[in-house]
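Chain lettering (A, B, C and D) follows the sequence in which the chains are written, and residue indices restart at 1 in each chain.
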Amino acid sequence: MSNVVLKTEGISKSFGGVKAVQQFSMELHEHEIKGIIGPNGAGKTTIFNLLSHIILPDEGKIFLLGEDIENKSQEEVAQMGLSRTFQSIRLFAGLNVLDNVKVGLDNEGKYNLFDAMFLTPRRWKEEKRIHNAAMECLTMLNLEKYKDYRSNNLPYGIQRRVEIARAIVSRPKILLLDEPAAGLLPEEVFELIDFIRLIKEKFELSIIVIEHRMDLIMNLCSEILVQDFGKTIACGTPKELQCDPRVLAAYLGEEE
Amino acid sequence: MTGKLFIQLLVNGISIGAVYALIAVGFALVFSVLKFSNFSFGGTISACAFIGFFFQKAFNQPPYWITVLVSSVAGVLIALTVDLLGFNRIRKKNSPKIYYFLSSVVFAIMIEQILTVFYGTQMYAFPSIFATTTLQIGGITFSKLDMTILAIAISLLVILIIIIDKTKLGLAIRAVAINSNTSRLMGINSSVIIVLTFAIAGFLGGITGVMLGQKYSVYASLGPSMMLKGFIASVIGGLGSLGGAIVAAILLGVVEIFATFVFGAEIVPIVLFGIMLIFLLVRPQGIAGRIAEEKA
Amino acid sequence: MKKVLALLLAVVMVIGVLAGCGGQANTGGQTGTDQPSQAPSQSQGTQKDLEPIKLGNIQDLTGSASEAGVANAWGVEYAVKMINSQGGINGRMIELYTEDCKNDATEALNAYRKLVDEIGIHALIGPPLSNSAATWKELVEEDQIPCVGHFMDESCTTDENGNVYKYMFLAEPGCIQQSYSIAKFALEKLGIKTAGVLYNTANAFAVAHAKPFMDYINAKGGKIVVEETFSWSDADYSAQAAKVAAANPDAVFLSDYAAQAKLCYQQLREAGYKGIILGANTLALPFPTLVDGEIYDLYFLQNVDMFSEGTDCYDLLQAFFKENPDSTYPKVNACFGYDAVMVMADAMRRAKDPTDGAEVQALLEQTKDVPTSSGPITIDPKTHRPVGMPMYIATYDENNNVKIVDKIFVSEDALK
Amino acid sequence: MNNYQIGLTILSCVSVITVTGVYALTGLCGMFSLGQAAFMCIGAYGTFMLTRYAGIPLIPAALLGVLAGVIVAWVVGRLTLKLRRDYFALMTVALGQAIPSLVVVFSEYTNGALGFTKIPKVNGLIWITLGITVLVVFCIRNLKYSRYGRMCLALKTDELAAKSFGINVYKLKVKIYILASAIACIAGILFALRNRYIDNTQFNWALSAEMQIFLFFGGSNSLTGAVVSAFVLKMLPNILRNVQLFGVSMQEYRIILYCILVLIILNFRPAGIMGEHELNFRWVSRLTAKIKNASGRNGGKA
C-alpha cells in the first residue's frame, strides 16, 4: 500500500489507576479508512484525544506524516493536517453554518489584526478567498442551502455533516471521526456512509473512524481495530473480524 | 525587630488571617459547587454587619450570641435570595459561566449601593463586648476581640471541615463539586445541594459580618474591601479547596502584616498582586495541589 | 457602523434638547435637592441691576461625605435666606442653585459645568472637600467665576510654585496652618519631644495634614520618630500600630476621616500605646461614640468654639438644631457654609456689578475683617487664604463631652 | 450645545470607547475582566506625567501612555490567560486595585490622593473624541466580521474545539486582551482631557464593573447594543439629575436601578436588550436620510 501518514508506537495513558489505553500501535495509510470499535470505556475516544494531542501519552510515540509530535501542541498538530470531530457535536453555537466552516480556515488566513480592523485590501482579498473556499466546500457537500442557519436550529444529521465539513475545509491529510453516526436514524446512516466515501475521494483523506454501528464500520473500513479495556484485542479486515470469537465475546455479544 | 515584636506581629497576622480564612472559605465553598467566583459574598458580609448592628440597637443590646445568630440567619436568607434572584434561572438555563460572574458582580454593587445610599452618611459602631480591650501575656498584647474572633473562626472552620468530610451532606457536596450532572444521576438532588451550599456560605458570611463589624465598625464597603483578600487566599489555596484556602488565608494575613511593617502599607496591594502572579506561574494548582480542570 | 454613530449623534441632539429644556424649566422651580432660596415677592424691575444674582453651590449632598455636605449646604442656604430677607445685595436678591457632587471628581465637574453653562451662575460656593474643588480650580479662571469655600488643601488655592489660582478663595485656615496649630500646641503646651504620624496616603485631606505636622515638629525642636501609612482598602492597621507602639513617641498624630481615625485610635491603644494622640478636626463628635473602649489623652483641632454660649457660631448652631431636630451633635460645616456666603456677599456688596466675576474676584482679594460665625476673616491676596484666624484645640472629658482647652494663633509662614 | 452638554457627550463617548473594548474582550472572547479601569488609569497618568514632567507633546505622550498599557496587558495576559478563566477574572480584580495604589506609591510625581492637574486644554475635544469613538467602534465592528472575530467567537463557545482547528487560543486571547486594554488607555486619556483632573479613586473596580453592566445591558453579543447602552446609560443619569421620583433623587439611585434592570435582563433575556442583532445597513439606510436632515453636520461623517 501507499505511504504511512499516521503511526503510533506503543502509546499508553492512564487516569489515576485506570489504564485507558495500553500499548496502542497502529499505522494509517494514505487514502485508507480505518475503524476502531470496542465497548464503552474501551479507551477509543482517549486514543483520539492522544492522537490530536488534547492529552499527552504517558509513553509511546506518535508520528504524524513521519514527524514525531511529542513536542507539538494541540494547535500545532491540527495545523500539521490532522483534523477531527467530536463524539458530541461541538459546533460553535454563536456562529452560523458558513462561519462555522470558515473557522476551519481562519487560522491560516493571511491578514493580521490591523488589516482586520482597518479593512485593508489584503483583508478583502483573503476574506473573499476564505468565503469562496468555505462555499465551495459546502456546495460540494450539498450543504450550501443551510449556510445562513444557526447551527443549533438544524437537524442532527445536518449538524453532523456541517461538523465534518468544518473539519475538512482546511484540506487536512487525516480526519478522525468520533462516532459520526451516533444519534442518527438507520436511513441517515447510509447517507452518512456515502457522505464519508464522498469526502474521502474529493478531499483525498485518510480517515480513522470510531463507531458502534457495525453496518457503518463494515461498509467503510478496510481495516478494523478492536479495543477492550484499553488493549487492542484484534485487528483485521471486516471479513476476518466478523467471525473472530474474541471480538464477538468482547463486543458484539454486548451489542443489542 | 525584637523577638517579642516578631511574636506580636505573628499573632496579629494570624488573627487577621483567620478573618480572611472565613471569607475565603465562604467563597471557596460556592466556587467548588458552582465553579464561579461569587463576588456578591462581600456584599452579604456588609449587609449582615448592618443587620446585626440594627438588631443590637433595636433590642437594646441583647446577649451577644443572639445577635450573631440573627445575623447569620440573615446571612442565610440573603444568600438564598441572591441565589434565587441571581443564579437560579441562569443555572436552570445552563447559561455560560460569564452570566454567573456578571450576576454576582451586579449583586455586589447593588448591595453596596443600597447600603451606601440608605446608611452611608453615618458611621455605626457596635458597642464593646469587653470592658478592657486587651490582655497582656508575657509582654505580648493580645486583643481580646481578636482572640475571640480567632477562636470562633477556627472552631467554625473545624466544624465545617468535619461536616464536609464526615457527613452525608458533605459527601453530597463533594460529589456535586466533582460533577453535578453525574451526581444527579446517582440520586443526589444537586439543586438542593447547591442551595444548601449557598446557605452555608451565607451563614459564614453572617458571622463574619458581625465579627468584622465589631472589629472595624460597620460601613457599606466593609465586606467588599476584605473580599479581595479572601479571593487571593482562595486562589493561592487552589480554587475550590477549603483546606488550601484556610492555610493560604492565614499565610496571607501574616505576610500582609509583615509586609506592612517592613515596606509600608502602600506597597501591600502590589506585593499581594505579585504573590498571586508568582503563585499562578509557579504553582497554578494552588497550595492544595488540586486544579479544577476544564472539561475536555 | 459610521451610520450607527450618526444615529447616536441624533440621540445626543435629542438628549441635548431635552436637557436644555430641563434646565430652563428648573430655573424657577426646584434645583438640586434643595429649594433655591427665592427672593420674596417684590417689585420686579426690568433693569439689569434688579435681576437676581445667581449663586451656585456645589456640596456633597449624597455619598460618603454627605454628613458634612448636607450641613454645609444648610449653612449656605441659611445665609442666603438671611441676606435676602435683609434686602439682598444692594437691593438685588440672591438666587441659589445647589448641585450634588457625591464626593466624586467627575460628578463635581459635571455639576460645575451644569451650573456655569446651563444656569449661568455668577459666583460659586464650594464644598469642604478639596478633591471636588480641585477639578475646577483651573476652570473658574477661564469662566471668570469667583469661588469661595472650605477646600482646605492648599493646592486648591495655590499651585506648587506658590502662584494663586486667581478665582479660588478659602474661608478657613488651610491644612498647613491647622496642622501647625496642633503641632505647636503639642510642643509648647503638652511638652512633647518626639512624635509619630499615622495617616492615609490615599486621602488628600490626610496627606495635606500629615506633611506640615511633621515639618513643624522637626523644625521646632521636636523629632518625628515614626511615620506610618495606610490606604482606603486597608481595614487592619495592627502592623502599623505595632510599629508606632514600638517606637513609643510622646504623641501620635492621626490624620484621616473619622471612620479610619477610629480604627487607628483603637488599634494603637490595643497595640499598647499609652501616650498622647492628636488628631485633625475629623476627630470631633461623634468620634467618641465610634470608639470601642475608653478615650484618654486625645487632643484634636476645632475651627470654632461651638460650645460656649454667646459666640456667633453658637447662635448659628442653635438655628441649625432648630431646623434639623434629628441632629444630635453640632456640625461645624453649618458654620462653614454660612461663612463662605458671608465672604462672597461682602465682596459683592462692594462691587459696582456683583454679577461681574472679574470685579468680584478683585474685591475678594481685598476681603478684610468680614464678620462671620468663625470670627472676622481677612484674606491674603498672595495666597487667597485667610490670615490671622485662630484654631482651637479640644479634648474629651470623662463623659466624652468636648472641652476647648486652647486657642492657637500660628501663621502658615511660621517656618519660612 | 453648550459646554455642559459637550462635556457630558464626551463622557458618554468615553464610556462607549471603553465598553467597545470590553465588548471585544467579553463579548467576543468570553473573558471577564474587572480591571479595565486600571488601564484607563495607566493611560491617563502615563500620558500626562510625560507631558508634565518630560515636556513631551500630547500626541507622542498619548502614544507612549497607550504603549505602557499595552506592556502591562501583555505581561498580565501572558501570565494569566493560559489558566482557566476564573483565575483571569480574579487577577484582573487584583490588578484593578494594584494599579491605583501605584499612583499613591508614586505620590511624589502623581500628586497621589491630592489629584493630578495641569492637564493641557485641548480645543475641539468633542470632535477628537467623536472621531476616536467612531474609529474605535468601526475597528471593533470590522474585527467582529473578520477571521479574528470568528475565531474569538469560536474560542468563547468551545476552546477545545477551537484548538482542534489549529487556532492558538492563548495567543489570540493575549492579542485581544492587549487590544481591549489599549482601547481602555485611549479612553482614559480622553477622560483625563475632559476632566483635566484625575485621581486614583476615579479608576476603581466600580468603574470596571460599570462597563460590564453596560455591555450586558445592551447584549454581550451585540456591538450595537453595547454601544447604544454605554452611551445612553451614561448620559441618562445626568439628564435625570434633578428629576425626582417618589420624592427621591433619581440620580442617587441610578446604580441600584441599573443593577435591578440588569438582573431582570439576566433572568429573562440573558442575551441583553439587543440579543445578537446588529444594526443592519439596509435598516440604517432607510433612516439615514432622516438623520442627515436632523443633524446636518454629521452628514459628512455618516
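Convention: a residue touches a chain if its C-beta (ideal position, glycine included) is under 8 Å from a C-beta of that chain, and two chains touch if they have at least 3 such contacts.
Everything numeric here is computed off the predicted structure, so don't read it as measured data.
Chemist: Going by C-alpha centroids, which chain is farthest from chain A? Tell me that one.
Modeler: C
Chemist: Per the definition at the top, count C-beta pairs in contact and tell me whether C-D or A-D has more.
Modeler: Between the two chain pairs, C-D has more contacting C-beta pairs.
Chemist: Measure off the straight-line distance from the CA centroid of chain A to the CA centroid of chain C, and report it in whole Å.
Modeler: Centres of chain A and chain C (C-alpha means) sit 72 Å apart.
Chemist: Could you tell me the distance, in whole angstrom, between the mean C-alpha positions of chain A and chain B?
Modeler: 47
Chemist: Take the average of all CA coordinates in chain C, do the same for chain D, and state the distance between these two points in whole angstrom.
Modeler: 34
Chemist: What's the distance between the Cα centroids of chain A and chain D, rounded to whole Å?
Modeler: Once rounded, the distance between the two centres reads 41 Å.
Chemist: Can you list the residues of chain B that touch 2 or more other chains?
Modeler: 117, 228, 266, 269, 296
Chemist: In chain D, which residues are in touch with two or more of the other chains?
Modeler: 97, 101, 104, 160, 252
Chemist: For chain C, jot down the residues that touch at least 2 other chains.
Modeler: 62, 201, 231-233 - these are the residues of chain C that touch more than one other chain.
Chemist: Which of the residues in chain D come into contact with chain A in the complex?
Modeler: Going through chain D, the ones touching chain A are 139-140, 142-143, 146-151, 153-154, 156-158, 160-169, 175, 179, 221, 276.
Chemist: Spell out the part of chain A that touches chain D in their complex, as residue ranges.
Modeler: So the residues of chain A in touch with chain D come to 52, 54, 73-76, 78-79, 83-84, 86, 90, 92-95, 99, 102-109, 111, 113, 116-119, 123, 126-127, 130, 166, 170.
Chemist: Can you list the chain B residues touching chain D in their complex?
Modeler: Residues 31, 35-37, 85-86, 89-90, 93, 95-99, 101-103, 105-110, 113-114, 117, 228, 231-232, 235, 239, 266-267, 269-270, 272-273, 276-277, 280-281, 284, 292, 294, 296 of chain B touch chain D in their complex.
Chemist: Can you list the chain D residues touching chain B in their complex?
Modeler: Against chain B, chain D makes touches at 26, 30, 32, 34, 76, 79-80, 83-87, 89-91, 93-95, 97-98, 101-102, 104-105, 159-160, 206, 209, 212-213, 216, 220, 252-253, 255-256, 259-260, 262-263, 266-268, 270.
Chemist: So in the complex, the part of chain D that touches chain C is made up of which residues?
Modeler: 1-5, 7-9, 11-12, 16, 97, 101, 104, 107, 111-115, 117-118, 130, 133-134, 137-138, 141, 195-202, 223-224, 227-228, 231-232, 235, 238-239, 241-244, 249, 251-252, 279, 281, 284-285, 287-288, 291-292, 294-295, 298, 301-302
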